[in-house]
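What follows is a pair of complexes built around chain A, which joins chain B in one and chain C in the other.
This part shows the complex of A and B:
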């Protein structure tokens, strides 16, 4: 019986709980029996060695906005027995907390970790992966990059044996939405941004997205985890999309190009950069809407491209479940 | 020590041997030590319990077009000890032979199989997968569909937990080359085909490709292996590309569409079909050249698209190596 603890019960945590609940039978057939023995948020949590009632947890969170007080995530790590932690607290790329401490404490105890939290990986990927290795635990993080766009395991598994020369991608759906609407409608950046805010595609303070911070954080994870590099967030050359004008699109389109915010790490060219780039209109990275895409340049397989939904609680849950499957398939 | 036997030493078999040779150290770090104890072609083979000299095998094949006579693949299966068979003989979708017998005899003995050979899977997927299960062996076949385009393990692993509603794809690079050149140049099908033959992109008898037979064979594997169906080659509704005219492209392009040979299996709509379809110009499946692409429709992850090189010995070797990695990672 696999015992799961979920740390973080926002949209992603609830999405995971819903999938475990709704698809329990299917998942049990894939990786064996499991139960969720703890669920926590920043205020409290629910613990039950026999399995937390996930439907009830979701309902409590929906009604009261918080789980019952009186228990902390660190209490759970210290006092509850579990095999895998699903760490889905909010990303903080300054110091990685609180996720970083959660992940460290789990890995130290040999507990496998599946996370959607970019912060700890941006701040301390190398330390965490060494810690995992030393303690015979595994750290899985498909959901940190590109939501349901499969990239991490695709490179590690499906392209195993390949030298990875470069990865270029569209890693931020908000920017891509804004740019692809500017392409189609030639409205100003500010007009489209205002609409994106209304639609909930952009945050009230959109700087994390439009300044390329989110894409750069993901690029750091890609460089360190998939290309054997050891780079920090500060190493990324970064230009956002705020200065792009409808006229720039006009000129680009005349030549058969569009403009996209491209995150790229290229070992051959020595590039680690997030910036608006010209992309040929029919290029696989010239995608529209809030999609994410990545182009992986390899020695054997040539170029491989993946496109998928970069965000959403269901989509992120899909990535987390795929990590759980990978963990448990290899265990049994 | 993992003992590998390679059955079939044409372009794919030699490609695998070259990768095992050239990337031996890297692969040993990923999945442990290995040696190739047998290599066979339709005429003979080389066997060495201490490891066949792959460079020598490649050289012999290059010079004499055949391996030394005196040993058959069935001899090897009966008399040589090995853990995994790389079955890369030529595809025959009529009765699956000789690959079908090779694969059956290996699985019966509990030997894992990695194959690029569509024939046995088109003819007998369900039987083979049951045989594998009964004998505790695994049957891996990433290389049967789409060369280096990752699809099989991507759906099984990265999208594990998802309901797969439909898969639509461009699964034949020759057809896609012809159609994308007709799109660009508005020349007749016959003109482009003649050029494709000269370039070695189309066979002297191109019917296997242009009649959609190859794509339909791959579609059968996709339906049976990834969507839990039980369909035969004859069940595929199939129309080739031979009747498409430059005028058809003219009309399509005016409305913002192009024409591609699309293989599609859709559980919801009850479709199992290979046929020329209109595809919007900016759609991820509107790819050019000899590329392959697939769009996977799921419940959680939404739509995921992958694009990659559909053929080539290095590319196919990449897929085979990724299957070896999957086999051995889970073993150790």
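This part shows the complex of A and C:
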């Protein structure tokens, strides 16, 4: 019996709960029986050793916007017995909290962690991976980069044995939406941003996306976790998309280019940056809409390109569930 | 075009001027002058490598003029620009002295702006330019891109680089 605790019950946490409910039978066939023994959010939580009723938890959260008070995540870590923590609290790239403490406390106790939270990995990847190793726990984080687009396990498993020279890609769906709409409609940045906000693609304060902060955080995870580097968020050269004009697309198009926000880490050239780039229109990274894409340059496999949905609760849940499967498939 | 001329000069005052004077007379632009003092000839002449920018049609006339001034020309050849790329610039490109922006590349002696296409939507609005730069090789081209990025940082112009150099 696999005992799961879910920390964070926003869109991602609920998405995971829904998938565990809906696909319970299928998942039990893959990795054996499981139950969720605790669910927490920033205000409280639900604990049940026989398994929390996930449908009820989702309903409570929907109605009251919060889980019942009286339980904290740290209480759960200290007092409840579980095998894996799904850490899906809000990303904070300044100090990684509260996720960083949650993950540390779990790894210390030898509890495996699956997370979508970029903050702790950006701030302390090296520490966390050492901590996991020392305690015989595993840290999985497919959902931190590229949502449903397979990248972390693709490089670690399927491309294992390859030297990774460089990885570059489109790691922020909001920016890609804005740029591909500007390319098509030749409207100003502000006009398209307003449209993206209305569609729920951009936040009320879009700076985290449009200034390239989100993409830079993901790039740090890629560099440290997949390429054996030791870089910090501040090391990323970063230019956002706010100054791009509709004419820029016209002028670029005459030479066969479009413009995309590209995150790039290149060990050979010593490059670590997020910036708008001229991309040939037939290039595999010249994708449209909110898609994410990544091009991996390797010594044996040559170039590998992946494309997929980079955000959304269902898509992020897909990545989290794939990590759970990876962790527990071997057991049964 | 960019060309280099290697002349041999006597180690006396006023010699260099004999080589340089025809260049400015013909509208050429001197990019660099390098005295190869370590390669002094048996006749005690100093080889001097001069890199210049000049109208292609005037190149032969220039060589003749330098010879007429009594300067020994050891060799001359056009510097071939083999690496080319385009950069997109967004900002107040004209009003931040576009001549200077171009010249900062052209004056390197290893790269030059070979094409520029500007789109100006409205007065006081940022304009957009596709600037094509050629350099003697890929290494120098990368250097030229870095110079352009520095210049544009000074002038608050956004530079959009290509995903890869051709």
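Definition applied: the second predicted complex is superposed on the first by the 329 of 332 C-alpha atoms of A that agree within 3 Å, B and C clash if a C-alpha of one lies under 4 Å from a C-alpha of the other, contacts with A are read in each partner's own complex, and residues count from 1 in each chain.
Keep this in mind: a contact is a pair of C-beta atoms (placed from the backbone, for glycine too) under 8 Å apart; a residue touches a chain by one contact, two chains touch by 3 or more.
Given the structure is predicted, the values throughout are model-derived calculations rather than measurements.
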I want to verify the contact counts: of chain B and chain C, which reaches more residues of chain A? B
Could you look at A:276 and tell me whether it touches chain B, chain C, both or neither (first, second, both, neither)? second
Taking the superposition as given, does A:159 touch the first partner, chain B, the second, chain C, both, or neither? first
Looking at the overlay, what does A:29 touch: chain B (first), chain C (second), both, or neither? neither
Answer with first, second, both or neither: which of chain B and chain C does A:65 touch in the superposed model? neither
Can you list the residues of chain A that touch chain B in one structure and chain C in the other? none
Which positions of chain B touch chain A when the two form their complex? 19, 23, 26-27, 30, 142, 148-150, 153-154, 157-162, 281-282, 284, 286-288, 298, 300-309, 312, 314-315, 317-319, 321-322, 324-326, 329-330
Taking the complex as given, what residues does chain C use to touch chain A? 86-88, 90-91, 117, 119, 121, 125-130, 158, 160-163
If you look only at chain A, which of its residues touch chain C in the complex? 168, 239, 243-245, 247-248, 250-252, 254-255, 257, 259, 262, 275-280, 283, 285
